[in-house]
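Below are two complexes that have chain A in common, paired first with chain B and then with chain C.
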Partner chain A sequence: MKVLIGIVATPEDERLFILDKGKPVLTAVNGKHPEETFGNYSILKQHLSKINDEPMKGPGVFKFRYGPVTAGVREAGCFYLYTYGEKILRATIDISWKQREIAKAMVDKSPETALTMAERICSNFALSHSVAFSRAVEMAVDISPSLQTKNWRTLLIESERIYNHLYVIYKLASAAAQKVLAAHLSALFEEALRLNERLSGSRYLMNINSLGKLNHIPEISNIEKIANKYLAVAKQFTELYKHSLKNYNYLDRLHSAGTLTAEQAEGLGLTGPTLRACGVVDDLNDTTEHLISLPVITQKEGDALARMEVRAEEIVNSCHYLADHLRASDSWYDATEKDVKSHNANGTGYAVVNSPSGAMGYYVEVNDNKMQRVDIFTPSYPGMYAVSQGLEDLIFTDFPFVFESFGVHFADAAI
Partner chain B sequence: MIRWWPVFGLKRRLTEKKEYISPVDLRQPKTGIFNRSLFVYIIDVGSSNALNFEISALESPQYNIHRFGIFLTDSPRHADVLLILGRPVTKMLEPLKETISQLPKPFYTVTIDDHPDQPGLNEYPELPNHIAALTGVPSPDKILGLLLDIAKTKRKES
Partner chain C sequence: MKILFIIALLFYIAGAVSSPKTQLSYIFGFLGSVSAFLSACFALTRSQILWNFPLLHNVSLSLYMDHLSAIFIIIATISWMALALYSVDYSKLYPKKRLPLGFNLSLLGMLLVLTAHDGITLLAGWEIMTIFAFLMMQGTGKYFEHSYRFLAFGELSTISLVIGFAALYVTAGSISFDALHKGSYFVLILISLGFIIKMDIVPFHAWMQGIYGEIPDNTAALLSAPVTLMGVYGLERVIPLLPNNQLWDIIIILLGAFSAFWGGLQAAVVNKIRLLPAYSTIENNGMILTAIGFYALAEGSGILSLHYLASFALAASIILVISHTFSKTLLFMSIGHAKEAYNVHTIDQARGVWSGVGRIPAIGIVISALSFSAFPPLIGYAGEWMILETLFQSYRFPSVAIAFSAALAGILIALAIGLISFAMIKLIGYTALGYDHGRKSRPIARRFMHTAEISLGSLLVLGGIGLPLVIIFIGFPQLLTGLLAIPAPLVLASNQPVFGVISPTFIGIIMLVLLIIPVWIFMKNKKKTRKVESWNGGIKLEEDEFFTAPAYSQILEHILRGFYHTREKKSKTRSSITVEDILIRPTVFISNMVMKTGKIVASTLMNGKISAYVAYILILFITVFIIGMVVK
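Here is the complex of A and B:
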């Protein structure tokens, strides 16, 4: 399976950043017509800050603005909804309210400073950004991280997946007015953040990853307790999830909301739970360099319910995966960890990481130990197109189910 | 068969009883008017999203903020405190000023600058009744400690 992650363009040429069977590759366009192969080529090429911005006219049709200051969407982002009363005819999404130009600000900074900035693009994906950036820079300057570093990165990405997925399902339950379910899920979400802190020193797994190594190795003496806590989270979540699947009020709200077909999802360049919820088995797990791959969870319906179900199963799998590997982590100790050195001061690198919401890609150029160029490709940008498409022809009360179920964030889309 | 939610997990005691300490001192004397309840409106002006997640975590049963009479409100017109997340991007300066103009008096503003050294963001405009300024990503118990200080409520479970 080939997915177009991004386009690396200069005035002279254009290269396609592709994930090919789980391996990131960079290929020149060379007169080919990539728009015929990749449906998302024009989306990435234009990279608009106003998504699906085509005015709509008709009898009684009007447009109103939702955001950037609204309790419904807490982040600074804005929707322009076209309607004649109840049905959403078109949804334009303006991501420019969160535009911070971080990628541009990284230029001329040292890789270490730029790494800190990458973590702050969207802090709930801090580790995915950090690992994708690190891997790209490590490729550019020829650094080989130890097995210990690679393994810990993989585990920490799974902890990031757990709390992000819990957050999405908690928000869906809140939107469906499932107060008891939402309260228990939010308690688990807080528990997952506390486990992150015990594991890494940061609730958002920040400042633990570094170039070629980890800033600190999690405290081994606590590992057994943390592993047991993850198993307890899996057990409590499974109990809640099974209970929620018997509640038809809840399921009916999610069913058929924001449905995408596999063709639509692939055409938008979606990856991660959103694509898998359409029945597509993706290769994102293969971006993991080591340890045993997790099973790929899929559903067929492609709606908010299917996306929730994919995330729910991934939470349980990730908790068990973490518990199993945490217990084995003392065998990863590597004395060479501190001696990691770069062999080049210049180079080009690229990497893709399996973030909680899909493929996170970085392309970097390093010159004389300074960042020359940084291109960032996040899952939330194509995800915003999917939200816009998913909202069409739905009624307003379906809005939160569609938006929350995609797990996208304005901070991640507007870099 | 539809299972009945209200009894689910009823025996679990999730709410924690502990002392919540504010990480900063208040910049202004308190009015005392918010002793019984404090309504907070959240505005994100350019945060990295960790603060939005922390506010969601603050709503979890472990903190149970309603027991202290603290509520998050959906409109600035119902708010006693405007909690400003992040340092503003240029485009959010006007919405921020507009939101402040909608607050009923008396009110306080609180800022949390999650990444003070982040380039590309603006300084805060002049904020009326700016009672507290936090930096970094404070955990929910610290945010709750600050809100309790503003509300002048007893710090332990009421």
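Here is the complex of A and C:
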């Protein structure tokens, strides 16, 4: 399966950043017509900050603005919902309020400084950004991290997935006024953040990753306790999840909300839980070159419920995965860990990480140990298109279910 | 009394004659209404035959003013006076002489209806009223194909009355109202149907769409309030006199309740500023019809214990009549004032009357709309409480069928009241008190308009607070009592022993003490306040970001799409929702058929060919000859 993650364009040429069977590839366009192969080519090419910005007119139609600084929109982003009262005729999403030009700001900075900036693009995906950037730079300057570093990065990405998925499901339960479920999920979310802290020293997994290595290795003595905690989270969550699936009041709100077909999802270049909820088996798990790959969870319906189900099963899988591999982590010890060195001061690199909401790609050019160019491709940007499309023809009540179910963030979409 | 009545007629004729001088003509109309009002005041205590002319054996043309006529003349003339005053200023916008001519003669026709004591005089007044109201509809100088539908329904009503009175003559040998008790059920149905059609009861409302948006404002007010009032008067006049038929009473109750529901349903979604009060008329007249039907049912049952309930139902119908006539006249005048000042046609376009046009028309809209929304202590509150209270007591009837029908009517009317409140809030929220978007109105003469608006607004408030006086005025002092700390006669009781009570007077006093006085003290002592724009996400709202009036109703259009026949059209850049009053379909179908037939006849027989024309004459001659032979 080939997915177009981004376009690396210069005035002279244009290269396609593709994920091909789980491996990132850069391909020159060379006069071909990529728009015929990749439905999302024009989206990525134009890279508009106002998504789906075509006004809708008609008697009684008006533009309902939600944001950029409004209760309910937790980031600086703005929705323009064209409506004649209740039905959403079109949803235009303006991500420009969060535009920070971080990729440009990284230029001429050292890779270490740029890594810190990458980690702060979107705190929910801090580790994914950090690892994707690190991998790209490591490729550019020819650094080979140890197995221990690679394995820990993989595990920490799963920790990030667990707390992100818990957060999304918590938001869905809150939107559906499932107070008890939401309170339990909120407690589990807090527990996941505490486990992050015990593993990495940071609730949002910041400052643990570095170029070619980890800043510190989690203490082996606590590993068993942490592994047990993850199993407890899986158990408690499974119980809650099964219980929630019996609540039709909850399910009815998610069912048929923001439905996307597999063709639509692929056309938008979606990856991660959103694509898998449409029944498409993607290769994102293959971006991990080590440890045993996780099973790919899919659903067929493509609606908010299906996306929730995918995330729910992934939480349980990731918890067990973490528990199993944390227990085996003492065998990864590598004496060469501290001797990681770069072999080149110049180079080009690119990498893709399986972030909680889909493929996150980085393309970097390093020159004389300075960042020459950085291109960042996040799952939230096409995700915003999916939100816009999913909201069309629904009513206002459906808004939170659709938006939350995609697990996207303005900070991640607007770099 | 007689002299005042004759003076009133003379003033109306003078008004018609002086129609080229429009303002003078309306002043004559006003003076005529004052005279008619005064004559009715005298008739409250003493009934009098005004005129009697023997036409044939057993057939006399007579004018008579009794207590019922007097009540209705007083109600109608208050509306006419306000409309005449309003029209003095309004005539500067529409100076065509046919408008005051139609206005004066239409009032004359209505006065004849209200005093007629026989079928022929009634029909004469009825036709004068209908034809000159039709003439007024042409007052803007535009041609309206739809206005002929009004005429068609008007004539349908006349035909029904003509056949009804002819049948009365056949059975009773007279067309005097005194002979109505000898009439058959056939007479009952036809005559009451004639009046029901005039009340715009569903499905006889089908002429309204396409007309109310185009006709002059004073004409719209006249058609909606005083003209429909004639239908109500007719029913109130003949129903107690004609023989009672329970089935017909039940039909009337259910037809009225359904009409109220349908009127409320349509009013909730219309966007044309004058169509909303027009549908509200259907709703109100539906409630009045139900009250009259309930009265007939209770009184005709012969059960003594239901006599109080019958009186209460009849009083309810008259209170609703007063509320509707005053509120609707005020609403049309205030809306018309705003509409003309802005020169717009929809609720959305006429936003912000308070700041954009003036406070008096805005208050006029608010008071009348609140009255229709049954807001205490306004008189509309009393009327709507009374009709619901009447229907609540359907269990008092021994027949399950009657109790069930009345309960069903109660459900429909309760829904209607909710829907009409929903509609009226739209008028208050958008038109009266909404944001004016910086729009400024054009300067129009408004001194007389303001006088008319203030007078009717005050009457609506005083009529509610002074409800006991109104109840005594309409002749039902037995419905008043005292309860606990509230002294007699401030409490209106729906039955004895007490079933349900209200006291708008007491509510008014409480509101005055608990609300107005503290607000007044607060306003007087208020400190310097700082006003800021409301927070809208951090960005100023653009013009296309304001919540529209159609959006307010869209949820109803969606949920009740079966009733509204909601259809959505959507393209890539354009989207729209259409709703339809499906009960006007039969009328549209008949109208289209008539037009098609007319075209075919015109093209085949009246196409300028002599041979075709001769054939047409011959066919007609032979047909008439054969019919004549058969009848003979």
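Throughout what follows, the second predicted complex is superposed on the first by the 415 of 415 C-alpha atoms of A that agree within 3 Å, B and C clash if a C-alpha of one lies under 4 Å from a C-alpha of the other, contacts with A are read in each partner's own complex, and residues count from 1 in each chain.
Going forward, a residue touches a chain if its C-beta (ideal position, glycine included) is under 8 Å from a C-beta of that chain, and two chains touch if they have at least 3 such contacts.
Computed from a predicted model, the values in this text were never measured in an experiment.
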Problem - Partner chain in contact with A:Ser186 - chain B first, chain C second, else both or neither - result: first
Exercise for the section: Name the contact category of A:Lys87: first (chain B only), second (chain C only), both, or neither. Expected result: second
Exercise for the section: Look at A:Asp375 in the shared chain and tell me whether it touches chain B only, chain C only, both, or neither; answer first, second, both or neither. Expected result: neither
Handout entry: Touch count on chain A, higher of chain B and chain C
Key = B
Practice task
State whether A:Pro68 touches chain B only (first), chain C only (second), both chains, or neither.
Solution key: both
Practice task
In the overlay, answer first, second, both or neither for which of chain B and chain C A:Tyr167 touches.
Solution key: first
Exercise for the section: In the overlay, answer first, second, both or neither for which of chain B and chain C A:Asp303 touches. Expected result: neither
Completion exercise
After superposition on chain A, the chain A residues reached by both chain B and chain C are 68-69
Problem - chain C residues within the chain A interface of the complex - result: 271, 348, 536-539, 541-542, 544-555, 558, 570, 572-577
Handout entry: Residue numbers on chain A that touch chain C, as the complex places them
Key = 54-70, 73, 78, 82-87, 89, 395
Problem - chain B residues within the chain A interface of the complex - result: 1-3, 5-6, 8-9, 12, 14, 41-50, 52-57, 59-63, 72-76, 89, 91-92, 95, 98-99, 114-115, 118-121, 137, 139-140
Completion exercise
Residue positions on chain A within touch of chain B in the complex are 68-69, 71-72, 74-76, 96-102, 104-105, 117, 120-124, 126, 167, 170-171, 178-181, 183-184, 186-187, 189-190, 193, 203-204, 240, 243, 246-249, 409, 411-412
